[in-house]
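Look at the two complexes coming up: subunit A is in both, with subunit B in one and subunit C in the other.
Right, the complex of A and B next:
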């Protein structure tokens, strides 16, 4: 990298977010406190918040970055993205679609996805602004095959002026960045706006998906699903059955929030999901991450609900923001849990006898295959699981999949 | 030795190089005749046709930029050779992708012999421990070739009877097969037996991965096995004239003779029924079969890891974009 591209301020910003992300542990037990400084609080809760914080950091990175051609900027953002992703608490079992130097075991995918989205926008803006003929115009057979790649059409370019981009200009090293920075900042602002309005966009179609007097089953506490159901409640009268979601019992909070909004809510234990499924019209779930084959990771218990629904031919609908769509694959079919949380929630230390004799596992997420999901409702529209692959090709660039 | 589609492109490139055509019309005539001859000469021409289709598409698109014919011919030849050089590296790429799916200690089932699968297995063997079951793949018995190569590389390998695939499926972690062609529906055309293995894998809930380079993508949409270009009235017919039943000896019932498409077994002294199929009987059986896309978990290709639906998006983009 030529030029002084890593200023102190940029470093400080990245470090701040890195330390905030590092403090995110699911263990709440005091025994695990380590020396001094680190306190085990979840400083950043939720994928959307992580994505928003990432955007804030990226915005500052781009503002302060100094670059004289597009590759330098991409390299800077890649570097920042890599550090942010590596700061995640390590999970298991996922790896990159294009395996390279290392496995990216992380559990908060929205960070990486946001970085990739920003890079995608930046590349698009650069392409429109540059308007220069790419070096490899010669038609070749392999180019023909790559034409098969789905491309998003009709993105309105931001730069109207026909500026002559002076890349790698030695006399005026800042001219390139000066000309394009405002354009890039606008692009980042677009991603910001999309993230801010994600709940509203998804909830817009709520009244069309839920009919009167329907019985909906949900599990866990997903803000997206909560907003979706509350939005529908303005237009329709329906009942929601919330499963407790042990051992975290997030379902309790969800049920409370929904009933405070005036929705008729039932709270049931996870074990009765199959038993009541014959009375349920729809299953609406939230997702932690949607992966490249159309499957998803969701809170433990989701696989139970989805399988029970399939046995009764009940549609399973997943509400998730587009920033959750991840270009990764679930390579290990048996380990679906990404993250394990405190086993004492399942079998407490007070059962002294059993603690020695039993292996206690408390997985946090389930992998739900694409054949179990009927449709994904995202802020970008509704898609069947088979189209997720296509969405990924349109939203992210291949070169950015491995940061 | 080279994959059939690449061989086809090589042949067509050479054809152009040596042709004395003076106009574009003559040149396309030469190409058409070449394609036709390739298809006619080889009984199983599915792979070859894939290569021809791709090359012809390229020529069609390149014709928009037609200058002087000799320059154009040079360009075609150059592009053809360049692609062949690039394509030789595709199987490396695919081996890299597949590596992510192989866990340490995996038990893999594969079918017959495939260059791409061999590369992928040998690549995975460098870092992880794998064991491989390979089907015999009668009648050509190419599975034995795979067994030889894998054993020579130090990978524990066992040959499985084609009929014992269901028996062994519960021990297997995933199935890996090569391909002759990947079709527009996202389905797979591969040596006979692949469909069977896919059905068993689906029933046993095991992933079924197909490895295919991008030049094997074809614009075919078979609705069933019998829609394949390789299928015809000569495949698996019943005999037109049922031979009269011979006298019952050696405990053989007359109905056995009727099912034989070959000459009836003469109950000569000490001879039992033939132990293996005769050449005529083998010729009545299909060489390739079609596996439907819902049985395939993923198609791993040099253009990326694709779901079967992704393949059809690709093909439409390629040929219609």
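Right, the complex of A and C next:
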């Protein structure tokens, strides 16, 4: 059914993003890395950019889609989302924890997350419009965690459409889409706005987390963390220690950026993280993806920092946008790592003699378990790892977990 | 629907069509290194890590943003066409346009293939030329951009070769077929290309002195992998068309273009600092590239991500790859070692051990089989207790129980070996057809040549070990057949050994040959290329003219003698028939190219011929008459010396001196004056020559003459200087008068 509805136009849009995502990987060549762009591409352009681009595509898809009931629309979005997710380079052992279902995994989780979120919003809008009873308003224990935090629960109805919604109207097949499309577009716009402001919303609480004269350790170059620290610097006077983060050495750029913002910054080699941990008051990390058990994937070296912090009972705080919360479980991680890149950053190809004799493992992300994380700071409030599952429940619909 | 739709559509499409990158894939290897695996399919469809090589190449090109691809195929064109049709790239929306081009069976070299491309007239722009066995993640579009930029400045830049730094010893770098690159580090221009073979071991790289003279700084590199990714201009196919004898792209075309005085074209290199590119050109590099893929050097082209055949693999600790669809049955007690890939629907039974290997789809590895460093294609069964080491085994092969396959074997499709058979090291086994030998491959004439001469008894003897249930025969070792055949030096049996899987060539004739091949070396003590290179470099650049007499008189090889003879003959003809100087110079240039000698050698020959041409007048007749004779020759032909490609007055004088000294001609002074008067040399040349220590001393046997001539030369110079000053004062006087 959905095949009929899908028009050429949006298929082309999906293909364009698909090829963009595929091609993006060629930027991964270390050549760009030396140009100092890799972090940019993987972290900034990476998660948030991918989410934004997904939204653009979905907006097009919804604009051009022809549907006469909600199921058709959901099916169309599902189709597009699946295509986008599949298109991504795969390289993980992350699995949906539903036995019998297909593995669904990709490195750029934000694409799938965005699709899920859009679906969730559209469903909610539909429910309001169709004057159906909203499900799940029950109190939950997680709400206790949110006390003091302004929390948007669900969506405020966008429009008070009093038009009778007729699904599958045979006389006027377009009536349903005509009536609801503007509402859906607004719902997508909401997600868009949220993404646009994600860094600001996270940074808002910065001064509550960082106190004067503290020593903060961070690793890698995460825009979220960068903005967070810079925001805190408006109010507080503190010191940041940045680990170099080999083999990409994103830390160099992070340190430069922070010190340009007037923050007193030290750059240390990764090997000395444990040694200086005793002086550190707080570890602030960025995340690539937060997964359902409350653990997360973050740039290589994060596990090292988090473990060292645990040994010194130093709190580990993770700053991440809500779009990084991913309804996936990390089932068979032998490596505690994800997304293995080529060894050339570690061992040059010109070391001909060694190439044959040494096996080099160069993971891009570490898996940091929930027990190592103290709290997540998101644009949706602060959460302990234990309540991530609840956030997932609230942000996404169960039926969208598998796209 | 908003009106934005169609506009946006156009925007999407427009930039794609604006700058299409074309690529030509030579999906033909023009050699037989993978025989007998390539009996039933072309080499470009051999699987590497369970995807045909051609797919890896297409994936590499797609990753680099190429949009239009021409695949040139010769053997099994129908299979290649079918493969292209089935591949995911033929689907709409893949963004690639692939056109197969079938060339004639008479296409024997890459050169022929390019001539074919030329006649098709499909190339409209700069294009990427690759072979159908390339695995790469280099950003070719970047190289194309660099090439195009360069074309704007230098119209003669016709080609950019992509090379990769690797160090001298590298598993992916072929020992049998490599090259010395002389590169200008500033412009990346390739100044000289010298191909190097492993056997007979190339010990001396000859670099033309002009290269070192003209470029004060140049890098001589022997640590590069030639990725055979070339960005070519439209002229390249037409150059092949014009030069019908160009066969090999590197040894003929690149070498030819660089040494040619007529073409005046430049070739550049692009040293890829990052990224990976390598060719599967022999079984050894098949092994190396497989390992590189498995250990993720080719990232993002790795089995668990962008697998060219769209298989989904899961990457586990130790670079092990298992299919994601959960169709593999692994016994609890089997051992799968590092750097291993197992295809879908395969079964590994109890206590089987697999290390550093690639197992195809639907394979069965029965209990206690041991597979190390081997490549097993689809649908093959390895029965219990087999031991397979460093071999490539085709599809639907059945290795029956207890069979041992020693290192370096190639077992072709549908062969059955064993039970309890033994395939000895480096044996090549293929299926027995109805009649042995000649009929083994019916459709390809050139393929059975290897088997024709071998008698049936010999074949029977060879296959004795294969086991009772075997349907196969063993190909006789290459050495038996090819020994007396005139083959290309790269395809030499001993050289091929260096390209063979599992062959470390410790017992090969390479080591023995080391003491032999020094016959034409100027200094026999030099043992490796690099030393040699350094030395020639330093001596040549520090003092160009010292080495001239040294190299000319010593070690004159057969070729040089021939060349000299040719030059003398052609000049004689020119003298007799009264050719124009231009015609004569063209003839000399061609001769020089044909016999590949340095410029100085041509100059020597020309000067010698000129001097010999001058008839010696007996001293009684007086100097004046002699002068007339000299003048006659030099006036008519002196110009030629500077028209043979490059002007070097100092060298001219040195050569003249040398020639006169060795032949004991007393005309040195007169000829020199005559040269000066006819503008063959100028005053500065004379000054510089006089200053050279070598001009004064010369060689031992003719030292006296040398000294004498030097004195004469100096005197002439002095006279000239005096004359000049007189002239000047005259002129001054004239001016004063006016």
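By definition in this document, the second predicted complex is superposed on the first by the 353 of 403 C-alpha atoms of A that agree within 3 Å, B and C clash if a C-alpha of one lies under 4 Å from a C-alpha of the other, contacts with A are read in each partner's own complex, and residues count from 1 in each chain.
By our rule, a residue touches a chain if its C-beta (ideal position, glycine included) is under 8 Å from a C-beta of that chain, and two chains touch if they have at least 3 such contacts.
Everything quoted here is computed from the prediction, not taken from an experiment.
Look at A:197: by the touch rule set out above, it reaches neither subunit B nor subunit C.
Judged by the touch definition given at the top, the superposed model places A:329 against subunit B, while subunit C stays out of reach.
More residues of subunit A are in touch with C than with the other of subunit B and subunit C. Contacts of A:189 after superposition on the shared chain: neither subunit B nor subunit C is touched. With both structures placed on the common chain, the touch criterion links A:271 to neither subunit B nor subunit C.
In the superposed model, A:293 makes contact with subunit B only, not with subunit C.
Of the two partner chains, subunit C is the only one that A:352 touches; subunit B does not reach it.
Applying the stated contact rule after C-alpha superposition, one finds that A:398 touches subunit B and leaves subunit C untouched. Contacts from subunit A toward subunit C in the complex involve residues 9, 11-12, 15-16, 19, 22-23, 25-26, 28-31, 33-34, 63-64, 89-91, 93, 103, 334-335, 340-344, 349-353, 355-356, 359-362.
Against subunit B, in their complex, subunit A makes its touches with residues 95-99, 139-142, 144-150, 292-294, 329, 331-333, 370, 386-387, 389-390, 398. Contacts from subunit C toward subunit A in the complex involve residues 1-2, 5, 9, 12, 63-65, 93, 95, 137-139, 142, 164-173, 223, 273-276, 291, 295-300, 302, 304-306, 312, 314-319, 324, 338-339. Residues 9, 54-55, 57-58, 61-62, 65, 79-80, 82-83, 86-87, 96-97, 99-101, 103, 174, 207, 214-215, 217, 298, 303-307, 309-310, 313-318, 321 of subunit B are the ones that touch subunit A when the two sit in their complex.
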